[in-house]
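What follows are several structures.
Each of the next two complexes has chain A plus one other chain: chain B in the first, chain C in the second.
The block that comes next holds the complex of A and B.
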């Protein structure tokens, strides 16, 4: 093989990846326009585009820019950070079954929010809720690091994450159990299901900075994930500070997922599914999977959020329920496919 | 000329002390075989020498204190091949080999500088893996995969190569093939340290043998002296058939009943 052949083969693969990523981005834009057009008043993507840029009628402008835009932005950003977090954790752990919930951050964030609701400290739509949820997500990650120690192996991290998410789940259940007000319990139960309904720009303003910060941290570590393909020892010998990488990834995931869960409740399985959908198209390189997985996550959540609005039903279907209903069978399918590899252990 | 030296090296895994007061001095252009019974601390010594685990004592590489070198700089000086040639994702062989350029700042295999590209292709040619550059490593046979792993290590173009059992689980032809390639690399001026259980390969290919037992360096020197009958009886509890074939040393371990 000559130098030229080598470069040519690389370029062909790069072109294919860019093509796929561009197509995915176009799909995300289309889904966003559809998402903005759906509701009690249906608007065509064309009208939506006009309204977005100050055209169409005043009514259409208000509907699109003030009522529906926050929901669409949140679906885009949260789907994206969930997909990105999934891809980053799968890269860090070199395990296709990893997902954000592995470290217990979303469950802990949900617990924080539930605590606020049940103590009657604030209404579900107030600022206090997301703030406490983010703090709880942070707390869980710090606890995880404290338990696992500085140079902890992945097995310890996974077990500690499992313990923390179980604990957060149990604590949430306890809060609901102890609550004397049935309306509060109902409110919590619905909030936990995960939804993007009636979100305002307040929610966007509160979640988005954390999501963006988390995404930046995760994306900055892309090439380290590639080196980790050879295992931690080899990656370390190539100059990757594995301990620091692990800390950065956990921080990025906590920021992004904590911020996301805070304003929507728990929306599961997007982080698990998105990278898997991308592998056949993009390849298995964990560094190249990050951006496409984020886009796939955005597309999935936008699509799911469109679906819950057009599926005929007497009461609202929550988007978190839909993603889990679709996600869990997919998870089981993955476990079956990875059965042999899983038998070999976590490392 | 000493390239790599260690003085009073001690290392622990958890609370267990694995390496006791190891001192050694190794030269460029040598193939060094690191041998010893299971659990003697061979892998730990290899990791300590590369600075992958904390150790006390002094390690010097080309005159510099290892402890004072930043991670990136260490990565340029030591190419480390862990046991088992683990590759977690089915990437094409060329991308795996290109990871050898990571310490030099080439983190994206699709965007290599001419210099990095040359190094990758040189490494692939040296171990004959260019023909399956585009195939996924997970689809390769054990022998092919071990050569890809070797190419990745060669692509670093480091003055020291540390290989942990690169010949384990290979058939006889591929074992000899891998050792011969490492021998060629050493002859080109690199210090190659190979952990192996195959005393026959060590005797045939190594310039220098380090014999570890229970975390201590119990013998070192040219293969025939370091693997003397007395030492083998004491450390491995075996005797060996010794001969010479085509003017190379032959040692065939033989267990006493």
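The block that comes next holds the complex of A and C.
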């Protein structure tokens, strides 16, 4: 292949990447609009648009601006940060099975939040909730990477992740039993399933700053992920401080996931699925994968949240349940595909 | 054995007739007679401690655990079962029945007279205008047609808006549907704006706060409405007072 051919090929690849990213962004916008248009009260698209910009009746305005808009914003932001966290962890560990939910981060964040709720330490709409959730998420990811060590194989990571999420689950159940609030068991059982229902701008204000901070930290490390694909030593020789990178990624993931979990409960598997959907289109460069994965995460969560409102059911389906129902078979499929690598890890 | 039968027993029996009360008897949130209940042993809700006490009569609700009830019966205890009342007439019948059980029908009659007086007061104060109110609990649960709350609302001249939401006996209403329905008032169990969990945060959602600030919220504590008994007289008086506050 001549230099010219190579240049042409990479130009074509770049075009495809931009095309895919733009298409994805358009999809996210479309889904966000649908999400604003759907709810238990039927409003025409025209009414929704008017209400959004301050027209229509005050009832329609409240429904669209104070009930649906926060929900849509949260689905967009949380889906995005989950996709981004997944892509970042996969880049950091050079491992396609890495994702926040397999590492027990949301479960641990949930434990932190449940601790605050069930002990009645603070109003559920105060900043205590995300802060404690973030600390718990940070602790869990940090512990996982410390236990698994630097060049951990898939198997060790997954086993350690399983152990941490089971531990967080058990701790959550224990805290629930110690609570004095008689409704707490039911409340938390619902909450752990993950839901975006009836959230308000108070919740947006609670989660968004942390999600944005987490996203900025993760995005700023894009070039380091790329260097890391050459191996840790090569990356180090290119001037990447791997220890610092790890710490930054853990912080970014903890901020994002903790902030998200604090307002919606645990929503799993978006971080695992989103980067995989993008890899065939974008290629394997972890730096280029970050933004498309975030967009794919947003699209997935928006779509899932629309689906739970459309699927007819007697009581509301929780969006976290839906993402797990889709995510777990996907995870099993990935394990099947990676079976050889996993088997090799044991031998 | 049950927080509702506790309160009936407490209001009608002599102190030495009561061997023990239910697990939740001292919960001031649920029980109107929580203070009084502190003078009596609290049972675990299981069969063991009841068997040890060897009571002549065990008052249970049909909502208590079936296995526990069966076990007590099998051990030769005399069980009196009460259902959950849904109308004021059913409440009065239960008070009468409990009066017979504890052998103080005279006290039962005076309690019923107190209740009747409260009903008469409520009806007299009921306004001519037919306001629509929605009894709203945590997570958006709405009590419908067949509930005590519904009977109370009717006595003070309010219409339960649950029917317009298509809710029969009781069920969950979405925030959007409530905002669209715009009942005149919502009936809640407590004022205040602290959300100790998500269920409570529902009632404090900005969309709901906008249309239902405190002067559109009728506050009726849960301990006055969960059970049937004397406390319903207080509930009616409180409801009348609240209605006067919000319609002023």
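To be clear about the criterion, the second predicted complex is superposed on the first by the 269 of 347 C-alpha atoms of A that agree within 3 Å, B and C clash if a C-alpha of one lies under 4 Å from a C-alpha of the other, contacts with A are read in each partner's own complex, and residues count from 1 in each chain.
Basically, a residue touches a chain if its C-beta (ideal position, glycine included) is under 8 Å from a C-beta of that chain, and two chains touch if they have at least 3 such contacts.
Nothing here was measured: the structure is a model prediction, and the numbers come from that model.
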Touched partner set for A:14, first chain B, second chain C, both or neither: first
Which superposed partner A:94 touches (first chain B, second chain C, both, neither): first
Chain B versus chain C as contact partner of A:227, first or second or both or neither: first
Partner chain in contact with A:202 - chain B first, chain C second, else both or neither: second
Common interface residues of chain A - those touching chain B in one complex and chain C in the other: none
Touching residues (chain side chain A, partner chain B) in the complex: 1, 3, 6-7, 9-11, 13-14, 94, 223, 226-231, 233-234, 236-241, 283-287
Contact footprint of chain C on chain A as seen in their complex: 39-41, 59, 62-63, 66-68, 117, 120, 123-125, 181-184, 186-188, 190-191, 198, 200-202, 315-316
List of chain B residues in touch with chain A within their complex: 47, 50, 52, 71-72, 74-76, 78-82, 86-91, 94-96, 99-100, 102-103, 107-110, 112, 114, 117-118, 120-121, 124, 130-131, 133-134, 152, 156
Partner chain A, residues of chain C touching it in the complex: 24, 27, 29-30, 138-140, 172, 174-177, 179-180, 182, 194-202, 204-207, 210-211
